[in-house]
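A, B and C are the chain letters, set down in written order, and residue numbers restart from 1 in every chain.
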Amino acid sequence: MTMVVNPGKRDRLWRSVVIATPYLWLLLFFLVPFAIVLKISFADPLVAQPPFTAFFDWSADAGKRVLATLDNYRFLLEDKLYLVSYLKSIKIALISTGLCLLLGFPMAYAIALTPYPWRNLLLLLVILPFWTSFLLRVYAWMVMLGKQGLINNLLLSVGVIDEPLQMLYTDGAVYLGIVYTYVPFMILPLYATLEKLDLDLHEAAADLGARPLQVFRDVTLPLAMPGIIAGCLLVFIPALGEYVIPALLGGLDSLMIGRTLYDEFFVNRDWPLASAVAVVLLLILILPIMLFQRLQQEPEA
Amino acid sequence: MRRSSTFLYSLLCFGYAFLYLPILILMIYSFNDSRLATVWGGFSTRWYSALLDNSQILDAALLSLQIAVISATAATVLGTLAALGLNRMGRYRGRTLFTGMIAAPLVMPEVITGLSLLLLFVSLQELIGWPGTRGANTITIAHITFSMAYVAVIVQSRLASMDQSLEEAAMDLGGRPFAVTLDVTLPLIAPAMAAGWLLAFTLSLDDLVIASFTAGAGASTLPMVIFSKVKLGVTPEINALATIIIGIVTVGVLVAGWTMLRQQRQLANQQTRP
Amino acid sequence: MTETSGGNSANAGGACSGSPWKDPSQQPFIELQSLSKRFGQFSAVDDISLKIYRGELFTILGGSGCGKSTLLRMLAGFEKPSAGRILIDGVDITSSPPYERPVNMMFQSYAVFPHMTVEQNIAYGLKKEKLPRDEVARRVEEMLQLVQLPQLAKRKPNQLSGGQSQRVALARALIKRPKVLLLDEPLAALDKKLREQTQFELMNLQDQLGITFVVVTHDQEEAMTLATRIAVMDAGKFVQIGTPSEVYEFPRNRFIADFFGKINVFEATVVASDGQYLTARLDDSDTEIKTRHEQSLAPGSRCSIGVRPEKLLISTEAPAGEAYTVTRGVVEDLAYYGNRSLYRVRSQNGAVIQVSAQNYQRSAELLLEWDDEVFLSWESGCSVVLTE
């Protein structure tokens, strides 16, 4: 659909402005930074400002000599800390995604089955937390889970336990925090597909002899698949790199890669190593991100 | 059928309780006189007055608001342009990359975005001496970058559902592309732009990780201050702050949602009328 | 307009022989006993009893909201009746779930599973019966042949036309060899040409397979051409049940008369009534009319006499003979259709009467012109007394 048949100079200018302004912005502030991260991940750390060696040595005697090193990546492989962090992040992200699906699917389904004026309200209730501060919502769980937190106090007063349980600063709290903050991201795309689901199809399957669970397996689930995939990616990808939740709710051993990267950068001030951590994280994520993009573009086509 | 819907709705109720109970309890405890988070020491607003005396928090809040307003506005402009560029400008070279750059920030882990932007600023500083000191300026740029993607997605979905024949009609009547955008497209996507602005605004107010990376030593946004306080444990003043913030956001979202719903209804009414 | 010839062929071609509903010794195949469905205060189906016989192509006809869909959904098992029973082949299925009923349905939307191929759609029901693989394959193949779709077996539904989707939906239901096939507005989504073709195909299929069909429709033409019997439904109740020609020629009341084509209504005063014949005087022409009516009405009371446009004769001279009722008028408007002409005649007291006349003679000129004075007449057997 070419809308401009024979554009004049002025019209072409407008077209260039529309395309070029955001394009250049994103090139400069989104794409180029990745190139820089990649570059610095091959540099050596220095106690200096900035704390890394240059990629090109511009000094006169050296000419144009490439000063690249694979030390950072070698270190990532050698030091167990990183491998453990990556694996643990993947494990936590996967399990929380599964939990989000388990909670989000029935919720989305129930919303999609609700008749109209009420449905909008239920949807609003899902979206509302999305607008309120993420940080404060994670913090709310500190109030709930702490040694002197609400849950412990409740259990103590009922007499189920004699001394407070360690709930805060554990992996369990991290799972809880991730499910809590990301479940709306699961519900919304699921709702979008389930809402379009034709109830006639369910009845047709039942009419042809499928029992309720078979109807779910044969009709509902396959037709909801695009929403399930989108929802899972929307939870998995950010959860994998999550920093705030493990930092606030996790224990010292809740080593998620986002937290490791953050600490490497701010505590150890090893920028090249942090960059290498980021590059590997991005490599892990590239497949799910591309899958997500494919999914986003499909409705357009 | 009935049994399964009872099951669904009880899970739905559980889900909402799960989503809302912690916030509610947090809000209730913001009125707790006792410093201990969960020992009820009677009703009090002392943490609210303590909050008002805390200039560090107030300064940070002011800075955050400033950054949020500026970055949301810029992100709305850039995001809208991007949506138009993707949806109304036909084909051109590099469109695929453009699409990718719009969608990627939505799912990019914050630590990566933050780190890469900081490294960009540091490199630019070395290369051309800009941006000088890092602070509100660099945070704003970072926020514009990731929130413009959200604006673009919202506006794009509106554009996609919009009848292109309206713009074609305007052109048929002699409107040049710029005028058509101004006279026809913009008024029609204005609600989406408003929604995009609001989302960009809250995303900016909410961001901790990217701001932490891109802020220099000088600037502390509200989430940064909150984070440094709660990292050490439950803080009653933060409960009060959370109550205020959540209260404002809730009212804001409800008012915005209500207005939009009304506009949609009016629009629907106008369209259904023959 | 309804063509009676179509209705006749449907009756002749139907799998059910004779008129079992007239024979009290016949066992009904489907029996509804005082069936009701209430949604809150609203009665969608209100105390309906009905007997449908084996091999019938029974049509339930009514406007939207009359309760016909609810009735069908109760037969399929998607709605639980508030009261009453449903028996099929002598078995009470009132409380069995849809997946255990010997009943299958063709949905108005067709509800073809979008994620399965044509073949998989058709095989679905048999797979649920856990039939051996080769038997499923054989019967799917057979069914594809029957609905003339073998070349489309591997297609996905989004690559099918409306007519093809309909065949898939039909095949998918028929392959289960149901005792009863329910069809919800089977022709509504098709264009005119396809409708006529599909209509005859449906009738042929039903004839071949001998399955009892229950069709729900809002389209009287569809009902007339398909059905062995029609039940006209309004506000949750049956207004009249009969063969297409019965409901057309002997409508019980004005609602039904209007529902099936056009009818001219003459107001009249009862002169005499003996429970067999009714004599009345037309307001219009001061002529007396004698017509069959098996309900006694008091002399002096008012009644309406209905006459279908094609039953009226139009002529410039008064017809001779005792058998005719005659009234007069002026041609106000006429439309020439080739095979027939439609006249709108203004009667003496100002009412508009429609006449549909076959053009028996070949003539380049119109036999009647605007403003011609004409006589309208009909044989006394052609009129019907309409109650409100």
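Following the convention adopted for this analysis, a residue touches a chain if its C-beta (ideal position, glycine included) is under 8 Å from a C-beta of that chain, and two chains touch if they have at least 3 such contacts.
Keep in mind that what you see is a predicted model, and the values were worked out from it rather than measured.
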Arrangement of touching chains [line / ring / star / complete / other]: line
Between A-C and A-B, the pair joined by more C-beta contacts: A-B
Interchain centroid distance [CA atoms averaged], chain A/chain C, Å: 59
Where chain A and chain B are represented by their mean Cα positions, the distance between them in whole Å: 16
Residues of chain C touching at least two other chains: none
Residues within chain A bordering two or more other chains: none
Residue numbers on chain C that touch chain A, as the complex places them: 76-78, 97-100, 103-105, 107-109, 111-115, 124-125, 128-129, 169, 172-173, 176
Chain A - residues contacting chain B, complex: 1-4, 7-8, 10-11, 14-15, 17-19, 21-23, 25-34, 36-37, 40, 50, 103-104, 106-107, 109-111, 113, 120, 122, 124-129, 131-137, 139-144, 146, 148-150, 152-153, 180, 183-184, 212, 233-234, 237-238, 240-244, 247-248, 258, 261-262, 265-266, 271, 274-275, 278, 281-282, 285, 288-289, 292-293, 296-297, 299-300
Footprint of chain A on chain B - complex, ascending: 1, 4-5, 7-9, 11-12, 14-16, 18-20, 22-23, 25-26, 29, 36-39, 78-79, 81-82, 84-85, 88-92, 94, 98-105, 107-112, 115-117, 119-120, 122-123, 126, 141-142, 144-145, 148, 152, 160, 164, 167-168, 171, 176-178, 181, 198-199, 202, 205-206, 208-209, 212-213, 223, 226-227, 230-231, 233-234, 238-239, 241-242, 245-246, 249-250, 252-253, 257, 261
Chain A residues within the chain C interface of the complex: 198, 200-201, 203-211, 214, 218-219, 222-223
